[in-house]
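So, here come the structures, one by one.
Below, chain A partners chain B and then partners chain C, in two separate complexes.
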Partner chain A sequence: MNESQHLSSQFDEDLGRLRTHVLQMGGMVETQISSAVDAYATGEIGSVKSIVDADHKVNELEKAIDDDCAHIIAKRQPAASDLRLVLGISKIVTDLERAGDEAKKIAKGVRRIYENGHVPSQFGIGVRHLAEAALIMVRQALDAFARLDTEQARSVIRADSEVDTEFKSIIRQLITHMMEDPRTITTSIDIITIARAIERIGDHAKNISEQVIYVVEGRDIRHTGKEGIK
Partner chain B sequence: MQIHDQPTLKAEARNLNFYYGEKQALSNINMPIYDKKVTALIGPSGCGKSTYLRSFNRMHDLYPGNRYEGEIRFFPDNTNLLAPEVDPIEVRMRIGMVFQKPNPFPKTIFENVAYGLRVRGENNKRALDDKVEQALRGAAIWDEVKDRLQDLAPNLSGGQQQRLCIARALATDPELLLFDEPTSALDPIATGAIEELVHELKKRVTILIVTHNMQQAARVSDYTAYMYLGEMIEFGKTDEIFIKPQDKRTEDYITGRMG
Partner chain C sequence: MSEQLIRALLLALLTALIALPVGYFVAQWAGWSVFCAGLALQMVFHFRNFARLERWSKAPVVDGNLEGEGSWDGIFGRLYRHEKDLREQIAKRDKEIAMLIEAGQALTDGVVLLDQNNHILFCNTTAETQLALVIRTDRGQPIVNLVRQPEFVHYLQEADFSRPLTLRSDRSEDRVLSIYMIPYAGDRRLMQIKDVTQTDRLDRMRRDFVANVSHELRTPLTVLAGFLETLQEIELDRDERQRYLGMMSEQSTRMEMIVQDLLTLSSIESAPPPQNDIVDMANLIDKLRRDAEGLSHGRHTIIAETDGRGDLSGAEPELVSAFGNLVANAVRYTPPGGTVRISWHANAQGAEFAVQDSGIGIDPKHIPRLTERFYRVDRGRSRDAGGTGLGLAIVKHSLSRHQAQLEIKSTPGVGSRFAAHFPANRIVGL
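Here is the complex of A and B:
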């Protein structure tokens, strides 16, 4: 990635503003996720409304950033690293927005569980652990983007398989649980929805990290498996 | 998308140096020109791209004190274009040139195109008619001028004059066409017509084009070479140069950053 300045300072400002907006959006999504996870852990469902409301702002930011990308392409015809940055950002905001949607799903699932008077019981710890791991992935992916740090990006991609494994293990336990006591099915399905949303958040963090690598190195490592992050 | 076809060499610069008197303008250029492909030369003013381009048809021979070192091999016959025993007039028959500013002769449209053929000794009226029409069609200007072939060429619009100059260059059936910023004096519409024409022409002729317009290089060329201070910094497929250049200096230039 090229950090030296353009002859056009206006162009530098445009790109700088674009990056700032992405990080701002990332911060909002990160808050959405951590609030949703907190609500799950504590049963404080008062925050659910604010998580759902924040989603509108995230959606608006996604549209605004995409619009800025279109303007930069039209006005500046970016090339090489500039082009990759604009293309990468346009994809990153899609993943951020979807991660926000998943946070909303978690929040709504939490509200259903607690409103029905159920407590997530012994699955609390497993899901919280999964959520912590996914949240760290999102933070690190955003850090990797902010610093254009491909090492960090690669470590996020590696972490995704651990989250996937943990998710599968939670599902297995829940299936057993439901078979043992069918009265737990309703709550278990809500917990599956929540765990699934968390696992998807991890996937989005991974996608963001793949874009960081594309922006910096020009290598498209999507769908390349472990080979790609070598 | 990868380009899968294996291009053949049309020309190749080998350890090419060039001096305007004492001043060295090209340093150790090594670069292939692929057959029936468009190769763009980009770089800031004074980087040597026009000097390099002009070496191909021995334009520098016109001034005393200019000196080449190294070779430009021309295929399939493997002639060294720069060898003193090679006649520049012969070279120019095989390698046509189109300049920045349209420069038609102060003659009729017909005579502009027929000129090179007459120099070659073609005097048969029928053959001249055919070849002039063919060249004008090749340059995508026939329909506009077919009813006024006896009009004076300088009365045409700038874009038409430039296409006439391309027709003039095409008349002698060149193997390589050199374009030295062919659209910098034209409006966007005429520029678009020339770019479209370049795309058509490469089906039968190899093209080397110098351009200051980076978007143009990206649009029209298959290969791009970035030159700086008389050196070839980077040569590669245009798709790769504009998305993922290898050299930081290329990156700085095409993204509009200070070096």
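Here is the complex of A and C:
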């Protein structure tokens, strides 16, 4: 990719910097997600504010990166793999930004639960497990982008269906729980919101991985089901 | 002028000397022909050697097939020796470099070398595991592409390396890394990564301990003070007064228990090694079972399992209180209807005392911290259950004074198993 020699090494530098910016943004989103998960597990809601605040920085970075992409396309008119890299990046940042938004939703949900004096202990482990799986997916998707490693990208895509299955089973449990004891409905709805946000984070990680495959191989495997990742 | 060059010139001169009389005595053209033929012969000779040299220079090998003829011999020889020396030197350097890299790999600290743009040049295996790098593929990557935590990125950007960065690793749970940046060779940087998980944990334990002691003592104290104020200011009838005094004495008992446990803990810590009583285990297990039944009031099934073999040598009061504590915990944290199984098994390799319950269980993330002082999995519940938060800390200390290991296994919702493993030299009467 950017290892290939261009006539203008300035161009290489621009592309390299663009990638580093994307990964910097990714690092922020990873931290947002992991702090949100920690807050859920420990009930220490002091970090909620910093998670919400970090969202502004993520948004700023998204805009700056999109701007850079437009600049590179206009100024350098990249072709082939370079063009795919720039196009892929502009999609990856959208997914990252949305994953950050989901982290914010989790943090706010956690604050609601604990401020009302509830403890989501019964579903604590299931949801935390789900969250850790989604966080690992995001981390691996970003690693795959940094290393342009399609093997890793494919394993992230495969992991998404596990997260989906686990999400559905949590929802089923919560529904039974609510039917047994209607007093738990408020908390259960908050937990559903959180689990839903986590599941969405997994989807965003999957989208990022699909873009990595597009950047490296030039194959668009979105909406192709299991065949696509072979 | 070198000998070889002179020889080549002399040969040319000799040809001229032969050609000259031929030209003079026979005919001019004959002279020229002889001269040309002589030179042509020399040319063929030189070309052959030239071709050989060219062939060799394309793929220089040093297994001794480079031999020149005549005046070329010396040149070939020197080239050959030069090539051979060079190769030996390179091999030596390679070996030195390999040894340096091996030394770098042997370091227990993580080491990453960065160039002026913070791209990875080298890292050792420790750093690979600490930061989840793969040097085979990651050489040349900007380090911030892979270590993406905002604190780290900020630290690199600020470039103020007078103080190390403490980073909670996001790759491996609960690892705390201390990162030092050391400039070398101009604007390159050496990143040294120490694993300070243990120190960090001790620091936190110490801080927590002081905070916890104050908190644990202040809670009953606040209650006491509140009641005292009420008693002073409000005229109460006899019954209410009795009730308040009862609650006050409950709180003061609680404080006394905490102080007693703290004293026990510090006396165990500073005491000399335990004296060697012989603890009759069959008797002790039976006593523990009866105690457990007393504590349970028939709400649990208590099972004692022992083949009666082997006794322990050690400080009896300490061991009795440690085992009693484990059994009491099991009864306390098992809902009515559950089972508590007390077992003792000894053989020549060692012995195990274990308490297994079918209780509420413990989340795995709490298990490493369970024996810390005042560590509570669920703050509300354990205080209601009457614990001081020091029980397991005392158990662990008492056991480790007898060289025993406390092993905790637990599945939330299924039950827990606390086992003390004693070494063979503590077992008598097998």
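Convention: the second predicted complex is superposed on the first by the 228 of 230 C-alpha atoms of A that agree within 3 Å, B and C clash if a C-alpha of one lies under 4 Å from a C-alpha of the other, contacts with A are read in each partner's own complex, and residues count from 1 in each chain.
Please note the rule applied: a contact is a pair of C-beta atoms (placed from the backbone, for glycine too) under 8 Å apart; a residue touches a chain by one contact, two chains touch by 3 or more.
Quick caveat: nothing in here was measured; it's all calculated off a predicted structure.
Applying the stated contact rule after C-alpha superposition, one finds that A:64 touches neither chain B nor chain C. Set side by side, chain B and chain C differ in how many residues of chain A they touch, and the one touching more is C. By the touch criterion defined above, A:27 reaches chain C but does not reach chain B. In the superposition on chain A, A:185 contacts neither chain B nor chain C. In the superposed model, A:175 lies in contact with neither chain B nor chain C.
Across the complex, chain A is touched by residues 132, 134, 137-138, 140-142, 144-146, 148-150, 153, 170-171, 363, 365, 412 of chain C.
Those residues of chain A that touch chain B in the shared complex are 2, 4-8, 11, 77-84, 218.
Residues 214-215, 218, 242-245, 248, 250-252, 254-258 of chain B are the ones that touch chain A when the two sit in their complex. For chain A in complex with chain C, the touching residues are 3, 16, 19-20, 23-24, 26-28, 30-31, 34, 41, 54, 124-125, 139, 142-143, 146-147, 149.
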